[in-house]
Amino acid sequence: MRTSLRIFFLGGLTSYRALFHWLTPWILIPTFVVGPIFQLLFFAYVGRAAGVGDDTFYLIGNAVELASIPCLFAMGNTIGNERYTQTLGLLLASPARRLPLFLGRALPVVVNGFAVSFLVLVLGALVLHVSIPVAAWAPLVAVLAVCAFSCTGLGLASAALALRVRETAVLSNIIMGVLIVFCGVNVAVSALPAWMQSVAQVLPLTHGIEAARELVAGASWAAVMPLVRDEALIGVVYGAIGMAMLFFFERESRRHATLELA
Amino acid sequence: MPVIEVEALTRRYTTRTGFRRRTRKDVEAVRGISFEVGRGELFGLLGPNGAGKTTTIKMLITLLLPTSGSARVLGHDVVAEPREVRRRIGYVFGGDKGLYERLSGLDNLRYFAELYGVPAREQGPRIGELLELVGLTGRERERVEGYSRGMRQRLHIARGLLHRPDVLFLDEPSIGIDPVGARELRQTVASLTSQGTTVLLTTHYMFEADELCDRIAVIAGGLIVAEGTPAELKSRVADGHVVEIEVFDGVGDRLDAVRAIPGVTSVGVEDGGHSQLLVVRTDAAATVTPAVLGRLDGLALGRVATREPTLEDAYVELVRQA
Amino acid sequence: MSTLRLVAVGWWLQLKMRSRSSFDGLLSIVYPMFFATTIFFMYRENGDEAALVSAAVGASCMGVWSAVSTTASTTLQGERRQGTLELLVGSPTSFSLVIVPATVSMATIGLWSLVATLLWGRVVFGIPISFDQPLVFVVAALVLAFSLGLVGFLQAVSSVRYRSAWALGSLFEFPVWLICGFLVPLSILPDWVRPISWLLPPTWGVAAVRDAALGGNAWPDIALCLLTGAAYAVIGVVLARRLVDSARVNATLALT
């Protein structure tokens, strides 16, 4: 158990730092602050121009959705880069327990995603003069964390898929596009065609965004609890799918020596 | 008039490290070299890695400014008239970079033909001619990402020759290609000079320089330590012989004793895995060999041979002295 | 004449390269369509058809800017990585004439996204665009792409020293979408933003495309788009010259 924990924390953090160099202001600020804030402002102003929704609607939708930048790209690249630097083979072949190993890769990503969401929420509320009831902040923070988690689950699944499709960044971009369109970020899910509403139900973020909007509108934690539970559940399912795919590729690669690591 | 004139050329690099507290570090890569290359000559700059070969070439092809000294190519100063120089020279470096992977070999050549202002009408025939010269005819429409290293290198050469340069700079062109490819490359280079192109070649392969070059400058630590024809260089350092003795035991503690033998100019050891090769340079092999064997008494010895010095011996000697 | 040929061949070959990369090619067509789709839904909710049509034209231009802004910063580093940067600088051609075709080719890829977005709007959302002046529309779209290519040129030469240049793409994409009238009328932005918008070629290019599509006099906007684009190009040329000079002094062309 102790070893597993060490692999979980240290392994995750080391790979995150080594493979990403995220932790420099030159990348952090454009990617996680300026870009996201302007995405929010863009949609808020398009909303004003179109006369649809209000600033609060866009603030919540985009703040939650923007967690997907680290959750998808960082997760995809963490796994993808290890293939690129040819460390994935070593990792897969190492005797370390693989579950904590990969979940360890995921933890810093969850934290990062949450941080981006939270930052956008706070800065966005200031810039757009949106006031969020004081009582709503604590449950809101919890919802953001759950969404960052579930989105990382999707990120893990996409990272596993990226082992096969090679174009990690293309895949992450497309998944992010799907989330923006389907999950009620800028368009209420109820305004989408029926088939898109069904798709939205099985994607991360949809339930979380709905819960967050209800909280800001004054709902209690108990009232949004079922939504949050569904959101978390979806994250677990995607994470499990991702893990299963990684295990499958690993076994396959050992049997056929075909996992294209280079 | 010489085609390339280099006079007291130096180049210093300043590297800054650290983010908050920046520390400056000066590295003198080229420390005052002078040489001349005549028309149609194949001149070799020979030296170990980091000796200053590439820095010298980059100054001559105008990509780097000298810190001091001057260099002229075809009479044009490399600092004051870079465009005049660039128009008349070709530059090819080794390794598999420097090509557009996603384009075909033909498209790569077309692009650089434009960059070098080859008139539209001449481009087609010129490219065809060069593909023939480097043996890529028939493969030119394939994307470069599928090319072997040798093919890439030959495409590089074709690229460097598109505009019929008067001077061709070849920076370690045979690095990383297989022996057959390297031989073909040497044939191509040799045929260029026979057509009047002046070539400046850098390499650390002795046999390449020996086979190709009319004249060689050995560069070490940013200085030219010797200059002359391959034959002159060979005779300069070792006009005697080389005695090679295969030793199966550790030879380290006997080296000084061997060095002390009168007539021995230098002693080197090359590691050969399960044995070591003792290389003794001497001007009197007949008397020295028994003496050396005497000093090695008690060690398990293998093959003993005496041979003429090669350019490599001369080179090792020169670089060692530098 | 030979300069024109050089630019044309450079543009064509760069376009060829980009179309062969799923990242530059496919993604820059598909990605803006996600945003367009969201926007179409937003405007459909509002029910105002004229607004929807105008939004469709604006949304279709978004891809041209994305194609430039997300890739321009990394162009020179890409060339450096593949070892071609030194060869380009070492050629007798001016460095700017080598880079401009590359960034204009990025914008050209964006034109595919413009067409794809208009078709998407027409087929999936049934947005009717009349194209009152089809020929002017084509001219306006080409000028938009060309001008944005020139902005990309400035972006490319000014971000070469920025080691994490790839992160700059996300820095420029949304702000320009926001303040250049792609979808948000300049009149609802804060007053102090307007002068900034006026200095940016996309503002005039998008206005020109919109005028041409919806019936309006596009020519003044086309002229202003070209003029502002040219101003960026001039700054770019000066920077490019300084860049090459400093590279010769500091040995920063090669990757090492």
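Per-chain residue numbering starts at 1, and chain names A, B and C are given in the order in which the chains are listed.
Keep this in mind: a contact is a pair of C-beta atoms (placed from the backbone, for glycine too) under 8 Å apart; a residue touches a chain by one contact, two chains touch by 3 or more.
On a predicted model such as this, the values are computed, not experimentally measured, just so you know.
Trainee: Graph shape for the chains shown, where an edge means the two chains touch. Line, ring, star, complete, or other?
Mentor: line
Trainee: Taking each chain's centre as the mean of its C-alpha atoms, which one ends up farthest from the centre of chain A?
Mentor: Comparing chain centres, B lies farthest from chain A.
Trainee: Indicate, using Cα centroids, the chain positioned nearest the centre of all protein chains shown.
Mentor: C
Trainee: When all chain pairs are ranked by how many C-beta pairs they have in contact, which pair ranks first?
Mentor: Top-ranked chain pair by contact count is A-C.
Trainee: Let me have the rounded angstrom distance from the C-alpha centre of chain A over to the C-alpha centre of chain C, please.
Mentor: Roughly 29 Å, centre to centre.
Trainee: Roughly how many whole angstrom separate the Cα centroids of chain B and chain C?
Mentor: Whole-Å distance between the two chain centres: 45.
Trainee: Centre to centre, by mean C-alpha position, how many angstrom separate chain A and chain B?
Mentor: Once rounded, the distance between the two centres reads 53 Å.
Trainee: Going by the touch rule set out above, which residues of chain A reach two or more other chains?
Mentor: none
Trainee: Going by the contact rule at the top, pick out the chain A residues touching chain C in the complex.
Mentor: So the residues of chain A in touch with chain C come to 21, 24, 26-27, 30-31, 34-35, 38-39, 41-43, 45-53, 167, 169-170, 173-174, 176-178, 180-181, 185-188, 191-192.
Trainee: Residue numbers of chain C touching chain B in their complex, please.
Mentor: Within the complex, chain C touches chain B at residues 2, 5-6, 9-10, 13, 16-17, 20-21, 82-84, 86-93, 98, 247-251, 253.
Trainee: Looking at the complex, which residues from chain C come into contact with chain A?
Mentor: Those in contact with chain A are residues 22-23, 26-27, 30-31, 33-35, 37-39, 41-46, 48, 51, 55, 162-164, 167-168, 170-171, 173-175, 177-178, 183-185, 188-189.
Trainee: Which positions of chain B touch chain C when the two form their complex?
Mentor: Listed in rising order, the residues of chain B that touch chain C are 13-14, 58, 61-65, 83, 86-87, 91, 93, 95, 97-103, 107, 110-112, 114-117, 119-120, 159.
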